[in-house]
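To start, I am sharing the structure in question, which I have written as structure tokens.
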Amino acid sequence: MAQVQNEKTLGEKLLSIPRGVLFFILVLATAIPLRCKVTIPNNPAENSANLYRILMSIPEGSTVLVQSDWTNSTRGESRGQFDALLRILMRRNIKFAVLSVGDPQAPQVAKDVVDAINRERAEKGERQYRRWEDWLSLGLFPNAEGTGNGIALNMSNTFATKEESDASGMKRKVMLSPVFQGVESVADIAAYIIVTGTKSSQIAIERLNNKVTMLALVTGVMGPETLTYYASGQLKGMSAGLKGVYDLETMMESGLNVTGSPNQVPAVPGEYPGFPGQTNLAKGTQYILTLHSAIFLLIAAVVIGNIGVILSRKKGQS
Amino acid sequence: MILANATNFWARESGSGGLFLMVFLTLAICAALIFGLLQMPSRLRRPVVATFTFVSGLFYVLLWIWPQAQDRKPTDLPANFTESVSFWLSDALPKIANVSNILTAFLLGLGVFSLMRVHLTRLAKKQRDWSFSIVLLVSMISITIFGYWDWAQRQGMTPLQLEEATKIENWTTARLGQSLLFDGLLQAMDAAMFSLIAFYILSAAYRAFRIRSIEATILLASAFLVMFSLLGLADLFWSNMINAAGGSDPASFINNFRLSEIAGFIQKTFQVPGIRAIQFGIGIGALAMGLRLWLSLEKGGVS
Amino acid sequence: MNPVTYDAIKLTLGVLATVGLYTVLYRENKFYRFWEHVFLGLAAGWASVTLWTETLKENWWDAMLGKSVEQGVSTGEPGYWIYAVMLPLGVLGYFVYSKKHSWIAKIPIGIILGLWSGQQIQIWWQTYGPQMKASMLPVVPTTWESLTRPAMNGLTPEQMASVTANIYPSQAIGNILAIITVICVLTYFLFSFELKNKVVSSMSLTGRYLLMIGFGAIFGSTVMMRFSLLIDRMYFITIEWFDALKLLIG
Amino acid sequence: MQYQDTGWIGIAFTLMLVFFVLFNIRRAGKNNDIYIRKIPGLNAIDEAVGRATEMGRPVLMVPGLGELNAISVQALRIFSYVARTAVKFSNPIRLCCSQAPVFAVAQEIIRDVYQQEGVPEKFDDETVQFLSDRQFAFAAAVSGKILREKTAATFFMGEFFAESLIFAETANAIGAIQVASSTENTQTPFFIAACDYVLIGEEFYAASAYLTREPVLVGSLIGQDWSKIAILITIIFGFMMESVQRGQMTGMEKQPDGSYTPIAEQRLKKANETFMHNVFNPDPPKPLEITRPQKPAEEGAGGGE
């Protein structure tokens, strides 16, 4: 350390920037770029590409289960992921049933997003996704472990108490819905897709991975942990965080491994087209520039701190 | 569908006299047992708690180790004793799975009671910050009232009425109050507190990521590489350099030095196996602790 | 209520609360304390609401008493009378306040812990079996044709199958490092063996350093999420709220 | 009838681990003097509490946000040791819980500590507190507490999630000594960045054996070590087998139903044709033809159909 002096040396100053100053710069760095419209080039990660590949290869008309466990607290990332997922499922006419384990708010949040995407489709004159016919909200299953076990062992029994209103407004058991037509057990489900900001994905993976193709769209913080399940093959594809959202959005825009598309992932076999001309670039694209400026600030702060270390070390030696 | 309606020893038809009789009998027997517990000599206390713990854990252990019946159809009856047990276990699973939740819910009162007691005492004794205790109690009571009021109004509505009632033009005072408090405040505060972490991450990184020790330097280096790979711009810049160095040929070896490749390599080679190894330890620790709790092997029993 | 007015009020409340909580970044102050207590009160109140409306009503009460058959609406559910046991069991927890009988509170605690413990044994293999398998990576290259795994674009299925079946030297090196990481980190977590052996103790130290690489990577990838939440809040304050106010004013 | 999910290997392996732990617990009763490697974070407990005493400020403990399970119970076991040290120095304690059942257990454990140390009157409503079961309300309340009461030593142990950094940085800002541990790997780096001492992974489970040296705990710890060695050996055996077998040629093709059919040309074994793969992924059970008695048809059943 440098000697104690009345005036701080430059090294010491760099080492002791007040937290308040850092915080204030961060507010500016996140508030200002939100208003800018700049597209940032991208290179999708292999796990995102595999997620897209599987979503694009599910046969039209089949059924997937979506476990949606996110709420407003992780809206920044999960909303973008859920939007992208629903857009792909609806454009490919895949039926889905949404269930939530854990957070009581999650079913309502999911319903709101489906409604919002439906409105977006209505504005474009596309077919609306109808409750009961095309999709189901199975609601909350408060016990994640038990539900995972239950779906693995006896899916129709697990969903037996859940009811939904059909087209005529009559409440009926969900297993009678067209969504579950031809579905007897979890093996008949084309994919089990988890959108979450918590560990609920792991609970499901532990209990279901050998029964059904599992996919996950998780927040950045759950990314590393979930990646171990992707690496061991328990998950077939996954997207993590805002980068994952942006990956999906760019692949929806210009396809994957298609000639001429910037999205080339050699490790993923096959070519998968995008949905040109539709709403593809959304939340992820809007936030990614701001993310850049924030991370850049972080890197700058660390670099400045280390310059401080080096400068004061030199002083100490002399 | 048929299963859901089936009645057996454990389940009686809803609204029937038999059901109410059984519920009443259960409560009466439990009351008698509680009275018995109060008289329990202290040497029996531990075995009693240990028995409850053991029996609860036994369910899942049995579920794990008992052969499961294959290809069971809803109308099937068990063919032999092994199957009887296995059928019973898998039918009971959804019910048992709820037990922890229900108990935890009943115990929540303990917590809310503790919180109220602290703040009521503070208020009564006019201790420091007592005015904020009023704020706490008022917000607590108001959301409870609005919450239950709104819920009560929604009871007994048909789905169609419910649909109508959720439209904002038809909102009642209860619904409005509940919405403002819950959606307007509580949820916004959740998100606000969550996003505070971004500030702290900046100050923590600024302070901790310094090349002082080997460990800190390693931490810094790998964090930086991964962060750079997340920056599309940095990635692109680096890619262009690689392309210039001969990477435009897809077979070229230099392609392995793309940022996303390096970050992926770090994650696949060090992070995933490292976490996996920690998880093995944690898993075994949890298994051992679970065994000690289940069999009440420790000095203090379950607590 | 007019949706525009409602949105404006709701968002304004949210912005006030957000800014109030953010002031703690500067220092603890009365404004923060106010919002902290509002937060705590609302959370406790909401927990007592959902306690019944979202947990006990459906999972306990309805399961215990069942649902009666309503023609065309519900096919009914039988009542599981045994659930009546839950009420007295829950009540036992409150004995924690009794000086003389506080041990009784251990019964519901014991049940919760027993159920948890049983599950640990049940799921151990499902969780860790595949992880063990995934650690068993082949380390001997099967081909020297190419140092790294070639790109798979435009290959026939047979060629692709041959590429995936082969182990290329670069993969083998990565696999060796991954296995070394697993072994060293596991060695670091051996507690009861005195690490007198130089090799073993340096493995343990290497394990710690290798862990730091992993932790650094986790830190790096978590940063993204933390910032995206802040970005979302900034969007909420600077765009959503302004838009709502603009709408209100017209 | 067959084991549907795990196959025999899963059950056998788990039973072996269970045996290791139980056998060593039984064995350890006789031998008290067993080596346990140094865990720096735990040696720091006395130092941290001592400093809090010097400054006359409280010690804060948080057993994580997890529900009542072995992790929170383990955290409370460690805290009972911390509390004992603090009570000896007559230092005030603040233990904040986010789950009511955990709160009940904590209340019981800490009250016992006060009783055993002969100062039951010092245990009051604020010693052990329930704050909120809502993650960020809890975080807001704990940071408020840290800042207002200026806690000098803080212990965060158990299951922490995103709020870990809020706690750690807030406590750091007022200069508290911090000992932390999270069983959540995603949070450990943040604790490493912001706290003075961090217990990583299983060190957390080893802590109570390390602090108390109770034979049951020490025995269990040895059993855990045996289990880890068993995993190590399995992995080492496995990667060697894989290395050998992935280089072998085969003339058989594995079919989805698990059977093998010959193919024309020899080729390298695929990843799913090795011995280890077959051990860890038993073939799905063949469909069985079981004739079971049927339920009598019920009246009114399936009314909605």
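Order of writing sets the chain letters: A, B, C and D. Residues in each chain are counted from 1.
Everything that follows uses one rule, which is that contacts are C-beta pairs under 8 Å (C-beta built on N, C-alpha and C of every residue); 3 or more make two chains touch, one makes a residue touch a chain.
These numbers come from a predicted model, not from an experiment.
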item	value
Any chain that touches chain D and chain A	B, C
Comparison of B-D and A-B (more C-beta pairs in contact)	B-D
Chain nearest the overall Cα centroid	C
Chain whose average C-alpha position is farthest from chain D's own	A
Mean-CA-position distance for chain B and chain A (Å)	20
Inter-centroid spacing, chain D versus chain B (mean Cα positions, whole Å)	15
Centre-to-centre distance between chain C and chain B (centres being mean Cα positions), rounded to whole Å	8
Separation of chain C from chain D, taking each centre as the mean of its C-alpha atoms, in whole Å	14
Multi-partner residues of chain D (each touching 2 or more other chains)	4-6, 11, 14, 17-18, 68, 70, 73, 101, 104-105, 108, 131-137, 140, 148, 162, 185-186, 189-190, 192-193, 200-202, 206, 221, 224, 228, 231, 281, 300, 302, 304-305
Where chain A touches two or more other chains, by residue	19, 23, 26, 30, 73-76, 142, 145, 153, 161, 171, 173, 176, 221, 224-225, 228, 231, 241, 243, 266, 291, 294-295, 298
Interface hub residues of chain C, defined as touching at least two other chains	21, 24-25, 33, 35-36, 39-40, 42-44, 46-47, 50, 55, 59, 69, 75-77, 93, 96, 106, 108-109, 112-113, 116-117, 119-121, 124, 126-128, 130-135, 151, 153, 179, 182-183, 186, 189, 211, 215-219, 221-224, 226-227, 229-230, 232-233
Topology of the chain contact graph, where touching chains are joined (line, ring, star, complete, other)	complete
Residues of chain C that touch chain D when the two form their complex	21, 24, 27-28, 32-33, 35-36, 39-40, 42-44, 46-47, 69, 71, 75-76, 93, 96, 102, 105-106, 108-109, 112-113, 116-117, 120-121, 124-126, 128-130, 132-133, 135-140, 142, 161-162, 164-167, 175, 179, 182-183, 186-187, 189-195, 211, 215-216, 218-219, 222, 226
Of chain D, residues touching chain A in the complex	4-5, 135-136, 161-162, 173, 184-186, 281, 304-305
Touching residues (chain side chain A, partner chain C) in the complex	19-20, 23, 26-27, 30-31, 34-35, 73-77, 104, 140, 142, 145, 161, 163, 170-171, 173, 206-207, 209, 219-221, 223-224, 228, 231-234, 240-243, 257, 264, 266-269, 286-287, 290-291, 294-295, 298
Chain C to chain A touching residues, read off their complex	25-26, 50, 54-55, 59, 72-75, 77, 119, 123, 126-127, 130-131, 133-134, 149, 151-153, 155, 160, 217-218, 221-235, 237-239
Residues on chain B engaged by chain A in the complex (per definition of touch)	1, 3-4, 63, 68, 72, 74, 90-91, 93-94, 96-98, 100-101, 158-160, 187, 190-191, 194-195, 198-199, 201-203, 205-207, 209-212, 220, 224, 227-228, 230-233, 235-236, 239, 250, 258, 260, 264, 267-268, 271-272, 275-276, 279
